[in-house]
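What follows is a set of structures for review.
What follows is chain A paired twice: with chain B in the first complex and chain C in the second.
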Partner chain A sequence: MQLAVNILVLAAIYALIACGYVLVYRVSRVMNLAHGELMMLGPYLLLVTAAQFQSHWLLAIAAAVSLSLLTGVLVYVLLMRKMTGEMVLAAVLTTLALGILLRGVMVLVWSAQQQYPASALSVVNFAMALPGGARISLISALLVLTTALVYGGLFAFLRCSRWGIRMRAAGQNPLLAAQRGINLHAVYALAWGLSTLTAALAGILIALDSGLDQTMAIIGLKAFPAALVGGLDSLVGALLGSLIVAAAEVLLIHYVDPLLSEVVPFLVLIAMLVVRPWGLFGTREELDRV
Partner chain B sequence: MKARTWPALATAAMVMPLSAMAQDAYVIGLTGAMTGPPASTYAPAVDALRIYIDRVNAGGGINGKKVSLILQDDSAQPGKAAANAKQLITQDNVILMLNASLSSTYAPVAAEAKQANVPLLFASSVCPQSVYPPADPLQFCTTAFAANYDSRATLAFIKETAKQPVKIGFSAMAIPLSRAEMDFAEQQAPAHGMTVVGKEVIPPPTPDYTPFATKLKDAGANWVFSWAPWVTQVRTLEALRRLDWHGDYIAWSHIEAEGELARLKDGQFYVVGANALFQDHLPIHAEIEEAAKKAGVQYPPQQMAEGWIAGMVIEAALKAAGWPATPQQLALAMSNLKVDTKGLRGGPIEWTKDNHFRTRQYYRIYRWDPAKGAIISVKDWYVYDVK
Partner chain C sequence: MSRRPRASGYFRTGYGQDLSLVETRTERWSLTGLLIVLLAFPFLASPFLLDLANQVLLASIGAIALMLLTGYAGQISLGHAGLLAAGAFTAGILYKELNAPFWVTLPAAAVVGALLGLVFGLPSLRLRGLYLAVSTLALHFVVVYCGGEYEAKRGFSTGIMIDAPTLGAWTIAGGRTWYFVLGVAAVATLYVCVNLLRSGTGRAWVALRANETVAGALGIGVAAHKLLAFVISSALTAAAGALFAYYRGFVSVEVFSLFLSIQYVAMIIIGGIGSMLGAILGAVFVTLFPYGIEAGLRALTGTQRYAGMLFAVNYAAFGAVMILVLVLEPLGLVGIWRRIQTYFLLWPFKHRPMARPHR
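Moving on, here comes the complex of A and B:
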């Protein structure tokens, strides 16, 4: 039972991070290599908001997430918008440079030392007993719940809301969408904002569970194979890809060798690329763009 | 001609005073991981060293000369470290090279230092094999932790403390030094009457430590020993506790240890280390706290002992080398040096011609005492001769 819980928690972490990659790629065809750093920025912003709203942890988290949404929008407006019409590779390299810049700025502002947002918010991360002798920490349980809510919300948003339909239209055929009067820049800005918001949620929950340091940006990259396995333009794919990668990782740690956890996501990815290069639920024509 | 000469003269006028200044001071250079993933271990030590040198300069310098400390960030990347070392040695003409970074940066930095015949001091980064007897004539180390000796000291403590037969598990980070140390401890444990039930080698970074902790718990460990960067040590412990594991946990006392013991408040979490914690309230601790406060540093003073010790040793070495000092004279002085650490360590740091680590390695063990609500020393200084 504990193994199943471990798989579920790791899959939730990967899925919450991976949906940010998918949102940006699906709409703008850009692979955001600064996603890990934007994810790390969320918990650092939480440290700032925690100082303001010490006794209201929910308010502090909401403020940090809102600031992250704004950051994502600003990244598009101030930086990525200038890359519209340029080669996709140039845009991808721009995100790489943005990531390096963000890492440097975060060290300058918050130093390199280990931080604990949970202590700053006086959140006690107790463990809960589950049937079958398994246990899960409060924050891990919240992470699973948040992932479910985020995916549910995104599915509903993309299918039912006006802006969601515009995002899908812009992703499928930007020229036609623009001709139909859809403001592409607004759609792209929204996609970047939502992507950064979900990344920040993941970063905040991971940091509340186990602390925050400079390695968090690399965790963001570990979720990238999950998004690719599922298909880079599919949210369902990201969910399933995360589950596959997490299951392979946890089971191999337990039954074979813990060291395999580092390579498993990439082994699964290679296997998928050989069998089905566009991923489980990806669009076949997207392959050329990747 | 005139048009060409003036800019050259102007440049010379700007550069000359700098060169003169450099020649009128002891110039030492450091390449360190001040940013990048492992920066939390190295940046506070570098900051402490900088403050120490500033204090020395404010007090009139050494042998009447200032010390110019040049800091270069390598983000723990070997390529950057190599470029830093080359620049420090060939352009800045340092007489002492310092490394405060990951072990992967050692080879390129050591190669540059060796080529230029400049002594190399590892300060806050793990001591390489080359500083132990018979030591490389140009390499020295002040860092607290010592491969193999740390495991011997830890296993001896567990044997002495355990009230029931020890089933021990190990937790390492997937980096060569940590793995090698846990392999060594795994080999030594049976000789201490312990049963080894598991060893987890955890890759950095890991989003969730629970799968690794689950294995250690399921293996039936009642003691877990971890010798790894702090993040691996503490997150394995926290994951074990969330799984309702009630065993004893012992880990290396990195610079983060004091703050973390107080944060976790876990009576069965021991840290073994070579530096005295600030809860001892020694006069030297007050001195560091005051200096850190005055300098307005970002890091807690409790994380500064390692860099402070490096500063004390550098001051003593430069004093012994005299003025003017060449790298060769400095290396010679460092090969016969004894520095009183004023209680920051269990005894002095003593280097000889063959031993550039220290002749005696002292250990002390601390834990959080829930009854007192404070950190306590559970085993006072005990010593191993380094041969």
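Moving on, here comes the complex of A and C:
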């Protein structure tokens, strides 16, 4: 029972991070390798806002999340926008370089020591008993809830809202979308903003649960296989992929070897790439464009 | 090699001249000059500078191998550190377990590298671009995990120590000896690769990079040439990894982080994609970069206060430089070099004539 809860929590973490990869890839066909670092930026921003709004933890989190949204938009406007006409590889390498830059800057500003945003916000994390003898911490439960809300919100946004439909259109065929009067740059910027926002939410919740240091970016990278297993341009796929990767990771760590934690997602990834490179729910023709 | 005419005219009168690597008198003289400088360097430089030069030579072997794969054959690899690790660990494990000599471990590392290259390359038959990059990234993690597992299981948790290699009665030790060994290795790698690129294989790779479908339609074996690019590049890289292990006398997984892969990719990006000169310039730049940053920080802040932030400044500056190159100068250092060359070739004019002379 405890294993099932662990799988669920890990899957929620991966899913919350993976939807950022999916959003950016689906809209602009860019694989964002700076996602882990952008995710790490969220909790660091929370440290800043927590010092500003000491009494209101909700206000602090809201401020940090909106700052992340702004960061994402700025990343597109200042940097990725310049890479639109370039080779896809160049864009990916730019995100890689951005990740390195961000990591350096974050260490410079906030030092490499482990920090605890939970104590800065005076949030008390306690374990709750679930039926069946399992236990779950408050923050983990919140994490699962947040993931559910974010995915529900994203589905509704992409299906019903005007901007969501524009995003899907831009992802399907940028040229046609632009001819129909959709502002591609605005759509791309929004995708980057939303992606960074969800990443920051994930980062903040993880940091509240287990502290914050440089290893967090690895979690961001480990969520990438989850996105790819499900299909890089499918949100449903990201959910299912996260569940698969999390289940494989938790079970293998429990029954085989704890050292495996770092590689399991990538082993799943390789297996998936061999069998079905476009993922469970991905679009196939992406791979074979000439 | 760039196939632009380097002399101010076309003077070839026989097929033999088409094969020569050195075309003009200026080139011959500058090459001789460079060779003299390189030969004299170890006798004049301090041990620190010699170590730097050795690092550059090691890095340039890896960079040339990666350039072959990414710059010419167009196959993206983010798993270069994994291949270096494979070479280093092959050498280390053979030395520790079987006490194998240098002349066994080095070829063994290359063979392991070639086999791994086959494994790394297999996904490339189905995948392109980003997906391929991801699969090599995943394989990097797997290789590094296996290395870590070996270290942990055999009780070398801090790393494997390797003694200086011996060839017969000759022990390779000391910065100056290593300089010549690595120098010969680097020059041999460069020579082999340059000639490979002028052969049918090299042209097939360039065709692959330009357009796979068209290359296939022209009768080029797409799968075979892709795999060949992976195998050759990986064998060279693993050999470089083994040399690295011997040079340091020490193998540990911590060295082969994802950041190392990124550094190698940065070398060929900063140097200039699709040029062997670019690989070497990039290797020089990326290897010397952290030392430059350290010297700069020391000059700026004085005293030892910079020590704590050195790592972070290094990261930030490295990322910034990479972004600047990608955005402002996609052709890298070679692009700048060519522009200067063209400026002097055309002087006093600014632009090339509209009608290109027939080659």
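Going forward, the second predicted complex is superposed on the first by the 287 of 290 C-alpha atoms of A that agree within 3 Å, B and C clash if a C-alpha of one lies under 4 Å from a C-alpha of the other, contacts with A are read in each partner's own complex, and residues count from 1 in each chain.
Note that a contact is a pair of C-beta atoms (placed from the backbone, for glycine too) under 8 Å apart; a residue touches a chain by one contact, two chains touch by 3 or more.
Being a predicted model, the structure only gives us computed values, none of them experimental.
For A:Arg103, select first, second, both or neither according to whether it touches chain B, chain C, the two together, or no partner.
The answer is both, since A:Arg103 touches chain B and chain C.
Tell me the contact category for A:Gln114 with respect to chain B and chain C: first, second, both or neither.
So A:Gln114 only meets chain B here.
With both complexes overlaid on chain A, does A:Thr94 touch chain B (first), chain C (second), both or neither?
Only chain C; A:Thr94 stays clear of chain B.
Does chain B (first) or chain C (second) touch A:Val48, or do both, or does neither?
Once the two structures are laid over each other on A, A:Val48 reaches no partner at all.
So in the superposed three-chain picture, is A:Leu130 touching just chain B, just chain C, both, or none of them (first/second/both/neither)?
A:Leu130 sits against neither chain B nor chain C.
Does chain B (first) or chain C (second) touch A:Glu86, or do both, or does neither?
So A:Glu86 only meets chain C here.
Between chain B (first) and chain C (second), which does A:Ala148 come into contact with in this model arrangement: first, second, both, or neither?
neither
Using the superposition on chain A described above, determine whether A:Ala178 touches chain B (first), chain C (second), both, or neither.
After superposition on chain A, A:Ala178 lies in contact with neither partner.
Which of the two partners, first being chain B and second being chain C, lies in contact with A:Leu74: first, second, both, or neither?
Once the two structures are laid over each other on A, A:Leu74 reaches no partner at all.
Is there a shared patch on chain A that both chain B and chain C touch, and which residues make it up?
Touching chain B and chain C on chain A: residues 103-104, 107, 112, 259, 262.
Which residues of chain C touch chain A once you look at their complex with the stated criterion?
By the definition above, chain C touches chain A via 76, 122-123, 126-131, 133-135, 137-139, 141-142, 145, 148-149, 152, 211-213, 258-259, 262, 265-266, 269, 309, 311-320, 322-323, 326-327, 330.
Within the complex, which stretch of chain B touches chain A?
34-40, 43-44, 174, 200-212, 214-215, 230-231, 234-235, 238-239, 241-244, 256, 263, 298-300, 303
Tell me, which parts of chain A touch chain C in their complex?
31, 79, 82-83, 86, 88-90, 92-94, 96-105, 107-108, 112, 221, 224-225, 228, 259-260, 262-263, 266-267, 269-270, 273-274, 277, 287, 290
Spell out the part of chain A that touches chain B in their complex, as residue ranges.
Touch list, chain A to chain B: 2-3, 5-6, 9-10, 13-14, 103-104, 107, 111-114, 116, 119, 125, 127, 129, 135, 137, 140, 206, 209-211, 213-219, 222, 249-250, 253-254, 258-259, 261-262.
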